[in-house]
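Each chain carries a letter (A, B, C and D) given by its place in the written order, and its residues are counted from 1.
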Amino acid sequence: MDEQHLLNEIARDVQPLLNQGRVANYIPALAQVSPQQFGMALATVEGEVCGAGDWQTAFSVQSVAKTFSLALALAADGERLWQRVGREPSGNPFNSLVQLEYEHGIPRNPFINAGALVVVDRLQTLTGDAWLSVRDFLRAETGNDRIDFDQNVAASEAHYGHRNAALAHFMASYGNLENPVSEVLQQYFQQCALSMTCAELAQAGLFLARHGIRADGSRLLSRSDAKRINAVMLTCGTYDAAGEFAYRVGLPGKSGVGGGILAIVPGRYSLCVWSPGLDSHGNSVAGVAALDLFTTRTGLSVF
Amino acid sequence: MDEQHLLNEIARDVQPLLNQGRVANYIPALAQVSPQQFGMALATVEGEVCGAGDWQTAFSVQSVAKTFSLALALAADGERLWQRVGREPSGNPFNSLVQLEYEHGIPRNPFINAGALVVVDRLQTLTGDAWLSVRDFLRAETGNDRIDFDQNVAASEAHYGHRNAALAHFMASYGNLENPVSEVLQQYFQQCALSMTCAELAQAGLFLARHGIRADGSRLLSRSDAKRINAVMLTCGTYDAAGEFAYRVGLPGKSGVGGGILAIVPGRYSLCVWSPGLDSHGNSVAGVAALDLFTTRTGLSVF
Amino acid sequence: MDEQHLLNEIARDVQPLLNQGRVANYIPALAQVSPQQFGMALATVEGEVCGAGDWQTAFSVQSVAKTFSLALALAADGERLWQRVGREPSGNPFNSLVQLEYEHGIPRNPFINAGALVVVDRLQTLTGDAWLSVRDFLRAETGNDRIDFDQNVAASEAHYGHRNAALAHFMASYGNLENPVSEVLQQYFQQCALSMTCAELAQAGLFLARHGIRADGSRLLSRSDAKRINAVMLTCGTYDAAGEFAYRVGLPGKSGVGGGILAIVPGRYSLCVWSPGLDSHGNSVAGVAALDLFTTRTGLSVF
Amino acid sequence: MDEQHLLNEIARDVQPLLNQGRVANYIPALAQVSPQQFGMALATVEGEVCGAGDWQTAFSVQSVAKTFSLALALAADGERLWQRVGREPSGNPFNSLVQLEYEHGIPRNPFINAGALVVVDRLQTLTGDAWLSVRDFLRAETGNDRIDFDQNVAASEAHYGHRNAALAHFMASYGNLENPVSEVLQQYFQQCALSMTCAELAQAGLFLARHGIRADGSRLLSRSDAKRINAVMLTCGTYDAAGEFAYRVGLPGKSGVGGGILAIVPGRYSLCVWSPGLDSHGNSVAGVAALDLFTTRTGLSVF
């Protein structure tokens, strides 16, 4: 398969969609991004990377980062992690408090905001610094030592972060946070504010396509655990549209409100698409369409 | 791979689990089934079938039948079907009314009871007889012309079917049923009361492993639509434990409270396991464990 | 106080409101009623009745009838009734199923539809004929032997009654109905379809103003129990607007989607207002305004 | 009526209930209170005060204080207040977040915690210091210039106040707080930590029995607004047991988890009972029973 050619075609075919969708506006730092951008990168399990469009433009990673903190926490904690966070789809928006109350402070899965806060909290306890663990992992997988969070975005997240503060305090009221609320929030906001390119995210996701093996050949996760993260991505990775994403795309994927989506073709590829215009569920309109075209044209959905 | 040997091993290894779980007791006809039974059948895309344990014992198909009515309705109706039923995981038990109210009578997916009633209603409109369509499809795929519903079970379903009647009337109040409530319920109860063996169900599910091709070589569904049903099975097929099932087993699967589970290895196998003892979510304890062993030992999860 | 003069004034002052509100349209038989009607009747504990506007025009009693079946069931059953229905405000629309599911088939109070169905079911068991009990009580209190249900309305209720059928089947699934669903629904629809005038309803409600004493001087309820029904009316009698009604009017009241409201001034009066235009909660716009004027001008709110 | 005699009798009759109920344990400062205490005070509209039991022992006022901040905010703000908080019963526990999410950050009523936070926020804006406004009002009505909050309790509230912090941040995320979250919480915790006796609270509540007139004869609220606060107390004042309280007691009342309940007999009395053992809804077991005895023996329920 000529991956470069395919990516070029897809980048061309999604152009009409770039006016659709709405750029995330819950923080000013994101609202200013131009919606007319689209990038797509593909990394093979051998480590080759190609891309099309704005694939080397850095954007705000947002919830895509939840994939990496989850992997690191699972690697360090094993099955114990699942005592503090579930792995069921939520059937509710990503920042809802309703289910959290019915389930007594145990988030449904690690990809809704409440669950990601628990993962960061756990990683903080296990490693002493959740943020540095994630950052160092990403630098190692990509070979880019300048990967960092955007100070402006992180400050904006903190300033407008009442909903996440509510989630964190709510879980603390149930005894489901180990570290101080303000500390967990800070770590979480920094992780969300990561600035990376499609190329870098595709590289960083390769350990999931390789069933647990990092860029340096070492094993982060057992084959089973790596597959299990893929399963969580497929069932829970795109907010309250996971069923739709599985139906259309058929790959494990994790989206962010910055417009990025990381998707895995197990055993073959790690893909990252980015376009800032979002649908009503918070997923990139052109990004989902690009992945839909990819699996339709290659037949590479997992199903 | 020596499938027969593997199935024998699994049937042996799950024996300690046969005392766990509780047999469904919401209708008397099911409550009398002995929990000490376990069967597993595997059908290859070439049509070979093997099995272990009670793989040739007929049991009550229950919600596994939803897979077939969905496939037939999708084949007849195409994308229009999704205007009347969603395809998102529900995050609630299979017979809950809560989400149905918040979403104005549109069920979250075709595998919760409300969604299956809508599918039966639509199939009834499209074919004139939903039940006969399902029955005739199953007879054709298995070559067994005696496949039918169990009169005793169907009568029991109707007698104790207040929850399903509530769901049907509730959807009718939103205008989301085309046929009379009593007619839709009768067709639905007959479908639930189907009596089939693991061997037969594995054969009947092969069109999903073959990406849409029936036993006679004709195409029921496009390659994409067949894959999409697999996606719906994976995200919604095991009630409020779909995330757990994806995490442990990693295959598209559809369970029933009779203790059966149909699972698909796309491009290779259709599997059916059966054991009557259920976990708190309504899935067979030994059945899920057997499929977990299968994918662990073969590495054949889709992830 | 010159009650007749006051009622005349109020009937005049609410005229501008008669174009506001929407006539109930969930059944055709109600949708045809002209919204330009307003009636108000006042009955004193001594038995005097006066009125203004269309106070002698019969209209569809609808949920106001729930007051009478509750009183009769409480008289016959005593405190046992409260094992099957609560007495807390619901915080949800009158025909919602959500809370019913969270509370396992026990309705929050006897004035939401689910609770009224339980009351009818209980009255049916206790008296052998719930409908005849209510009808005969109303005939006795008003001296009008022709009080009956409107056949057209009752048929319409049954035809469009999917929501109530859903509620009844749902409670039956929890074992909270003693009689067949179809029988309970029929009795309930007849009660809703009662056709009475403001004058008659005001007379029929006098036993609540008289703290339990009927028109013939006999006691239906103990002083305490009569007061308790007033309490339930005040906290639960006007659907999801009970707080608003208490705040503005400050009297025990029970409304119906026919546009009628029965209100009690304990120890003094029974009032009935009627005007078909409803607000978004299902309460008569001009009716609530008329009662608001009444308590503002007389100072007779219970607070 | 010999009020002193009646209070003595009631204090004697509730003794067997003092072992029932559980002392609030969500903050250590409250958990240490002995459950064997009971006090009851009655203040007449003429200003006479009598009491029985521990009626002159100070206790933690907790949510009873919400009555006073509501009255002061309504006096200063008028109807505008109701744009930011509703006045409907909630049908949920007092610190639930569920309804707050469904209603987009507008609390159902001023007596659930979320609503009380909005009231404190508004009072803060209107007066420059919500806490001092409440404190000075209470000092003026009781003539006791040493009324203050308990530093130990306030610190404990703040330390264990994650649920309230969640509520405040959640409302801030909807734009329904005007002042900084930390400031509103501090003011709220100080108000909750007020330490007062039954005698003082009965005196402080007299303005509601007097339909708006303060101890010095000046008018705080119009007659209508005072009655309206009574209406809100009756429909919303005892958490998710307001219907039960109206049914048993039949008076406007506001309870606190310190075990106090303020109840109003409009035009006649302001009552305060206190006993630390709580029922499952957070209301004092002996306190509710004492008020039940009071209205049963005097016939003074509002119904």
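Everything below uses one rule, namely that a residue touches a chain if its C-beta (ideal position, glycine included) is under 8 Å from a C-beta of that chain, and two chains touch if they have at least 3 such contacts.
Bear in mind that the values here come from a model prediction, so they are computed numbers and not experimental data.
Colleague: Is it true that over half of the residue numbers where chain B touches chain C are used by both copies, so same, or is it different?
Modeller: Same, since most residue numbers here occur in both copies.
Colleague: What rotation angle takes the CA atoms of chain A onto those of chain D? Round to the nearest 5 degrees.
Modeller: Between chain A and chain D, the superposition angle is 180 degrees.
Colleague: Between chain B and chain C, what is the separation of their C-alpha centroids in Å?
Modeller: Comparing mean C-alpha positions, chain C is 47 Å from chain B.
Colleague: Between chain A and chain C, what distance separates the C-alpha centroids? Give it in angstrom.
Modeller: Distance between chain centres, rounded to whole Å: 55 Å.
Colleague: What are the residue numbers in chain D that touch two or more other chains?
Modeller: In chain D, nothing touches at least two other chains.
Colleague: What topology does the chain contact graph adopt: line, ring, star, complete, or other?
Modeller: Looks like a ring, each chain touching just two neighbours.
Colleague: Name the touching chain pairs, please: which are they?
Modeller: Pairwise, the chains that meet the contact rule are A-B, A-D, B-C, C-D.
Colleague: Using the touch definition up top, name the residues of chain B that touch chain A in the complex.
Modeller: Touching chain A: residues 86-92, 99, 108-109, 223-224, 227-228, 230-232, 234-236, 240-244, 246-247, 250, 252, 266, 296, 299, 301-303 of chain B.
Colleague: Per the contact definition, I'd like the list of chain A residues that touch chain D in the complex.
Modeller: Residue positions touching the partner: 96-98, 100-102, 162-163, 165-170, 172-173, 181.
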